[in-house]
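Think of it as A, B, C and D in the order they're written, each chain with its own count starting at 1.
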Amino acid sequence: MNGWLLAIVQTGLLIAAAPFLAGWVKWVKCRLQSRQGPPPWQPYRDLHRLFGKEVVVAAVASPIFRSAPYLIFSVTALACSVVPLVAIGLPTTAIADVIVLVGFFALGRFFLALAGMDIGTSFGGMGASREMTIASLAEPAMLLGVFTLAMTVHSTNLASMISYLLENPFQLYPSFVFAAMGMVLVAVAETGRIPIDNPATHLELTMVHEAMILEYSGRHLALMEWAAMLKLMIYSVLLVNLFCPWGLVVDYTPPALLQGLLVVTVKVLLLGTILAFAETALAKMRLFRVPQYLALAFILCLLGILSHVILEVN
Amino acid sequence: MPLNFALLAVLAAIASGLLPLACAKSNRAIKLLAFPLLGLAGLCGIIGGGLALLSGTSHRLILPVGLPWLHTHLLLDPLSGFFMVLVGLVTLVTAVYGPAYVREYERGPQPLLPLTVFTGLFIVGMDLVLLAADAFTFMIGWELMSVSAYLLVTYQHQHERNRSAAFIYLLMSHIGALLILLGYGVLAGFADSFDFARMAAAQLPLGWGSAAFLLALVGFGLKAGLVPLHVWLPEAHPAAPSHVSALMSGVMLKVAVYGFIRFTFDLLGNPHWSWGLIVLFIGSISAILGVLYALMQHDLKRLLAYHSVENIGIIYIGLGLSLIFAGTGHPALAALGLIAALYHCLNHALFKSLLFFGAGVILQQSREHDLEKMGGLIRRMPVTAGCFLVGCISISALPPFNGFVSEWLTFQAALQSSVLSNNILGALIPVAAAVLALTGALAAACFVKVFGVCFLGLPRSERAAAACETTLGPRLGQIFLALLCLLFGVLPTWTVAQLENIARLFFSSGMPEATAHGWLWLTPVSSEVASYGAPLVLLGIALAWLLTWLWLHPRRRRFPVRIGPAWDCGFGPLNARMQYTATAFTMPIRRIFRPVWPITEEHQAPSAENPGGRYRLRVGDWAWLKIYQPIGRLLLGSARRLAMIQGGNIRAYLAYSFFTLLFLLLVVSL
Amino acid sequence: MTALYLTLLIPLAATLCFAVIGHWKQAGTLNLLVCLATFGTSLQCAVEVFNHGALLSPGKLFYVDAFNVYLLLLNAFVGLTTAVFSRSYMAHEVEIGRVDDARMRLYHSMYQGFLLTMLVALTTNNLGLLWVAIEGATLATVLLVSLYRTPESIEAGWKYFILCGVGIAQALFGTVLIYFAAERVLPGTDDALLWSVLKQHAGELEPTVLTLAFVFLLVGYGTKIGLVPLHNWLPDAHSEGPTPMSAILSGLLLNIALYAVVRYKMLIEPALGNHLPGYLMMGFGMLSFTVASILLHRQKDVKRMFSYSSIEHMGLMTFAFGIGGPLATFGALLHMIVHSLTKSAIFVTVGHAAHVAGTQSIDKIRGLIRTQPAIGWSLLFGTIAIAGFPPFGVFTSEFLLFTATMKSWPWLVFPLLFGLGVAFAGLFRHLQPMVFGEPPAGQLPVKANMLPVLLHLLLVLLLGIAIPDVLSRWLDQATIMVVGKGLL
Amino acid sequence: MALTQLSLAEQLVLTLAALILFTSFLLLAQNRIVSLIHTFAWQGVLLFVTTCLMAANSGRHHLFISAGLTLALKVFFIPWQLRRLVIKLDIRRDVEVVGGPSLVMIAGGVLVLFSYYVVLPIRELSFLASRNTIAISLAVILIGMLMIITRRKAVAQVIGFMSLENGLFFAAVVATYGMPMVVELGIAFDVLVAAILFGIFFFQLRSGIGSLDVDHLNRLHEVDR
């Protein structure tokens, strides 16, 4: 019972903190670019504003258009419940392993793309087409990276994976290096950051994610934006907790939990800072350079598998 | 008892096929006779097969027909029972869906009768294949199935396209049948009997075993549609009436898979791991090429047909894994692979027939088969759209629907490759898994295209704008299948537990851990390794949705939704031609995987007489261009040269006779 | 015994009568009745043989055993059903003025004459008379091939005449050589050509002479079977003659010639002590089978196409008899039945189809199912049956042949497979446009009696689903006679 | 065994065999139709004589019937009918084109050798002449076929065919003292019918094709032209 409660709290925390991470990255980025920038909690304000606005829906919109924000948000929220934020071994993590997690994202994306196409604008179709193309390359790379880990730890359950790594803290796996690099590349692509997509752009021809949600307004738009932030949050947490799991707690005592929360906050914010650095340093790619980028990710993850098979199994 | 039901199913199907012959004049009578009997056949099949599957028992019967020294052996074991259920399910839905659907043909130039007759016989053929326990009966059922399907494909034979599709289908099917026969011949050579029980008991040396295996792989692969033996599939499926396409794609391909499983796992036994590797390789190729080719199609049924190639590929990946594990002595993992494959058979049968039924409704209501001319159908046919959406989600392997479960199981099987001592295999299997992942992602892209272009947006043609929802029967059929898709997605644990009965037939153990944690949790290897709580996923999504909805409810009252024109970045009024087309949607993928397809593009810049400009894209099939056409040319060329012997000159003819005589005399006197 | 004599006498009398009254309006019906009578007596004959074993006529001139009695029955049956077809077909020909009274007399007389010669060939005990009868069958049909007096039909008739004449002359030389060998063992008797006698003395005959004799017999009767490269007359003769003729040529004459070869093989192979006749038959069979299946692709005339299919199937049977062994022989015997039933059904259908379209050209026959469903579906199912799809009987026999080949000559299975696949493709690529699609404008149905076709196809279907016990025991007896070992 | 040890009758048979072979060669070389018919008739005479000789020598009197049939059919009826047809169809003067006469003659010689080679393995038992006469008759048959192949005129083909049958009869008579009577009668009947049919066909060919040249019979073929 304790576990279930903790899991719900943790999920709520993750959902609540997601806008802050997005704001944080933006703030750091602005600072790096010597701009004042909005404060890190600006996304909360934006969301609040959007929730308080009237919703305008195009006359041709179908039920898919209206239900997509709820569905996407729900699925992403469910994904949050699966990811170990501060504690492992929670009952919710057994609902889905990492493959199912990828499945959740795919489900969200499926409806996102459909929602983009629903009104029949060319931007929506364009965004959907690009999103699905990128995803169809990123997803296998992501899974291949996950497989690398899974083959080492003999599990695809996130909790089992992390606890295995915690139990064997100072083993250096060459395959993990490759997998980590590959998954970082994938995460950047999947969360729609530079150099794949620019969350800040509204230049039609360079948009991917934004193009799909152009027709949304009010609370629908808020849910969509929030879901995107959640995704960034989940990927960040996943990356830091998989590749540097130190600080995650196994026993659910309040001090330990607090400590774990602190550690993970620091780790995630650090990752956000790195992301901001990278986004500042890099320029957005042309769409047709993206396959090469993702191919690199794929190759890295494949190398991870191969190095696992060749170097680590005996 | 189960066998009685199965036999009743066969009889009902026969009756459904033949009884309408007695009242050929009245379409009404034909429909009243054929479809209820078909439904009965389906129902009996489900009950009989289901009983056999659930109880895990085998039932035998010998009928005094067939060859004088080889009477007809029938066998209903969990494996055939399972496939019997598949056939029964789709047949049942066909019986519900059919009467309204065939109304279209009553006005057409063809009489209705052949359609119902051959549908009945088609089911008979499939059931017979499943029940057969000797090679002769098997082949009779097999070819009955092929020929009936051929006659169904040619049902609308006024179109030349349909005829050539049917021809290619029957030709390839016939060649496949001959190879299968050859495979049985090899087995029978060692067993000295065509009885399956004796064949299964016979021990083959590896060389002969491999030969038989390859024959079966190609023979059944021709029917199942493995790349590069798939070329008939995208031709035949669009040609057949939609409920027949559903049967063909949903079940007939599965019957081929059944044949392969029966042959390889049961009759051959003791698989060698290299067989598994071959199957894995071919399955991966089929999966990825199937989906890539599907992406480029814009004929709806053709697209679905290519997806069948993809899904058969996925099934074969599972089978390949199972063979590899079985060949290296890991029965529990082999069971996992087999169960994954079987589960995918079930799922594919459900969602592919659902999609074909949906496609049939679209075709019937909009009279369009070209995606580029559809659009906005969701507003006029919401039920069909909803069910089609379920099909799309399922086939794209998205949780919590059924397609995801089987792919997940396949992934789990693939990830166990680290138990293999052979490192090369250990490295290759994850690559196959990555291919599977790529396939799944591309399938999702493809079905976003299908659903988006077909149902969403604005109608792209007058006909699409005029389409309306279908009648009760087809709606019920689709809803039923959609519910099953959800059900088998949410209750995988129960399903896997039943499928274990099949795995126990071939492997010493089932999957002891898989269902050990109650119906909520599916843990194929152990709960530490992987777990999936499908009901909880559904519950979680629903809960999250409900919470969000409740949370936003006050605001909804304060700010009701305002309906307005589309914003579209302020570009002004929308029209249908501004939308992304199916061709445009897949353009990035086309660029990325360019060498995969033989593509011809025609551009025509806008000019004075043609202000719109013109762009045309044709996507062929390399297998057709590089394999089948050369073979055809070779054959016709050799026929042309051979025809010289029939040159018309009688003196030449006499000279043949003369020299034959001299030659033979010389031969015997040497 | 009376039944046997009646079986032969009825057609003989009919031949003579029809030479005078064959042009009567009722001649077709009469012809049918005569065939019915013949069928009745042959049935009686079969029952006798089945109950009491082989029949030997007092003068030892006729001998009916399990092997030939089933062919006898088959002959009479196909003759009967073809007569049903012939009645309406020839009435139509008279109506459109293609034949006059004199030719109708010739036609009906020769129809019976042909049946007579074949019945004689089957039942005779004398190998010389066998030759006479088969030559007689050629002579009876040669004028029927050129019945229409078109340049093509005359050409076909001439080719048929010369090629078969020369071929069959070689068979006579083979017969003379057999006689020569037998004379040494049985000097001074007239029994030296009697099958029943020769069979008992087979072991004493001079092998070298027998070898030579078999070569001549194979080339001779092989010409009649239509073995490649001796087959050239066959497509011409089948395509140009009246269709009932094609039906019985393909369904019966080829079988009889094969029957003759098998009889000789039964005699010669034990005497030689080696498998040479078998090898020769296998070689010719396989060659015919393969070549015919490839050439099927190039046909433009529908009857010509199906005659190639006949060559293909005769090749298959020859091959199977060549393999020897009970399984292959049983299969080949069964194949003789199903092939002649199916093929004559097809020719009957094709005859009607040609009437519907007004031509035999494949390019012009279109949309049969739409114009006249009975003909279209019959043609379709006939072709499906002949292509070897279950549940039709052709599949059963091909299954057996296949199995037998697998057992004794595994590698020959591949050309066999290839041939079956290619032949199927050849048949169907031509068949499809004929039966399916839109008919040309103005194409009207004709009066057709599809009873024979239905009957034949149902029989073939029955043989595919379950071989009746009577027949299987019968075939087994014949198999024992041919190879000395049965299956059951 | 030397030739001298044989009886006179046997020597005569051998001589007749040689003569029949000679007439075969004559047929092969002849290029006028009427002469062909005459030569064929002479071959028939030789066959008749041989049959009579065998009948007298062996005491099998049914052979006389056979001889009579030969005389009637091969010497009188068929040559007469052919001649009548040739006159009626006005093809007397048609000079037969033989494809390379010397080559054909050489081929004929080779065939004789080949025939001898083929029958060589036959075990000798009783009558010495039989094996060699079989060789001769085989040669006559093969030369008959060669003639059919090398002649383009239908009439010449018929004569080749009939001469081929002569070879058969010769074999039957000399090697086995004729076939059983019922067979002889049957064969004779067939030959008679065949001869009549040939006559009918000549007319049909003339009226239908307009020529008796068999190379003009080329409508039925499967070659792309």
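Note that in this section a contact is a pair of C-beta atoms (placed from the backbone, for glycine too) under 8 Å apart; a residue touches a chain by one contact, two chains touch by 3 or more.
This structure is a prediction, so every number in the text was calculated from the model and none was measured.
Should one ask which of B-C and A-B has more C-beta pairs in contact, the pair is A-B. The distance from the centre of chain A to the centre of chain D, each centre being the mean of the chain's C-alpha atoms, comes to 100 Å. Chain centres here are Cα means. That of chain B falls 44 Å from that of chain C.
Chain A and chain B have Cα centroids separated by 35 Å. Chain C and chain D have CA centres that are 30 Å apart. Residue positions of chain B touching 2 or more other chains: 640, 643, 646, 650, 654, 657, 661, 665, 669. Across the assembly, chain A contributes no residue that touches 2 or more other chains.
Of all residues in chain C, those that touch two or more other chains are 158-159, 162, 166, 170, 212, 235, 295, 298. All chain pairs that touch, listed by label, are A-B, B-C, B-D, C-D. Those residues of chain C that touch chain D in the shared complex are 61, 126, 128-129, 131-133, 135-136, 139, 142-143, 146, 149-159, 161-162, 165-166, 169-170, 172-173, 176-177, 179-180, 183-184, 190, 192-193, 206, 208-209, 212, 235-236, 239-240, 295, 298-299.
Chain B contributes residues 640, 643-644, 646-651, 654-655, 657-658, 661-662, 665-666, 669 to its touches with chain D in the complex. Residue ranges on chain B touching chain A, taken from their complex, read 375-376, 378-379, 382, 385, 389, 393, 396-399, 404, 408, 411-412, 414-415, 417-418, 423, 426-427, 430-431, 433-435, 437-438, 440-442, 444-445, 447-449, 451-453, 455-458, 521, 527-533, 536-537, 540-542, 544-545, 548-549, 552, 555-556, 559-569, 571, 574, 576, 578-580, 584-589, 591-592. On the chain B side of its complex with chain C, the touching residues are 64-69, 109, 111, 136, 139-140, 142-144, 146-147, 151, 154, 157-158, 160, 163-164, 166-167, 170-171, 174-175, 178-179, 181-182, 185-186, 188-189, 194, 635-636, 638-640, 642-643, 645-646, 650, 653-654, 656-657, 660-661, 664-665, 668-669.
Of all residues in chain D, only 114, 117-118, 120-121, 142, 145-146, 148-152, 214-215, 217-224 touch chain B in the complex they form.
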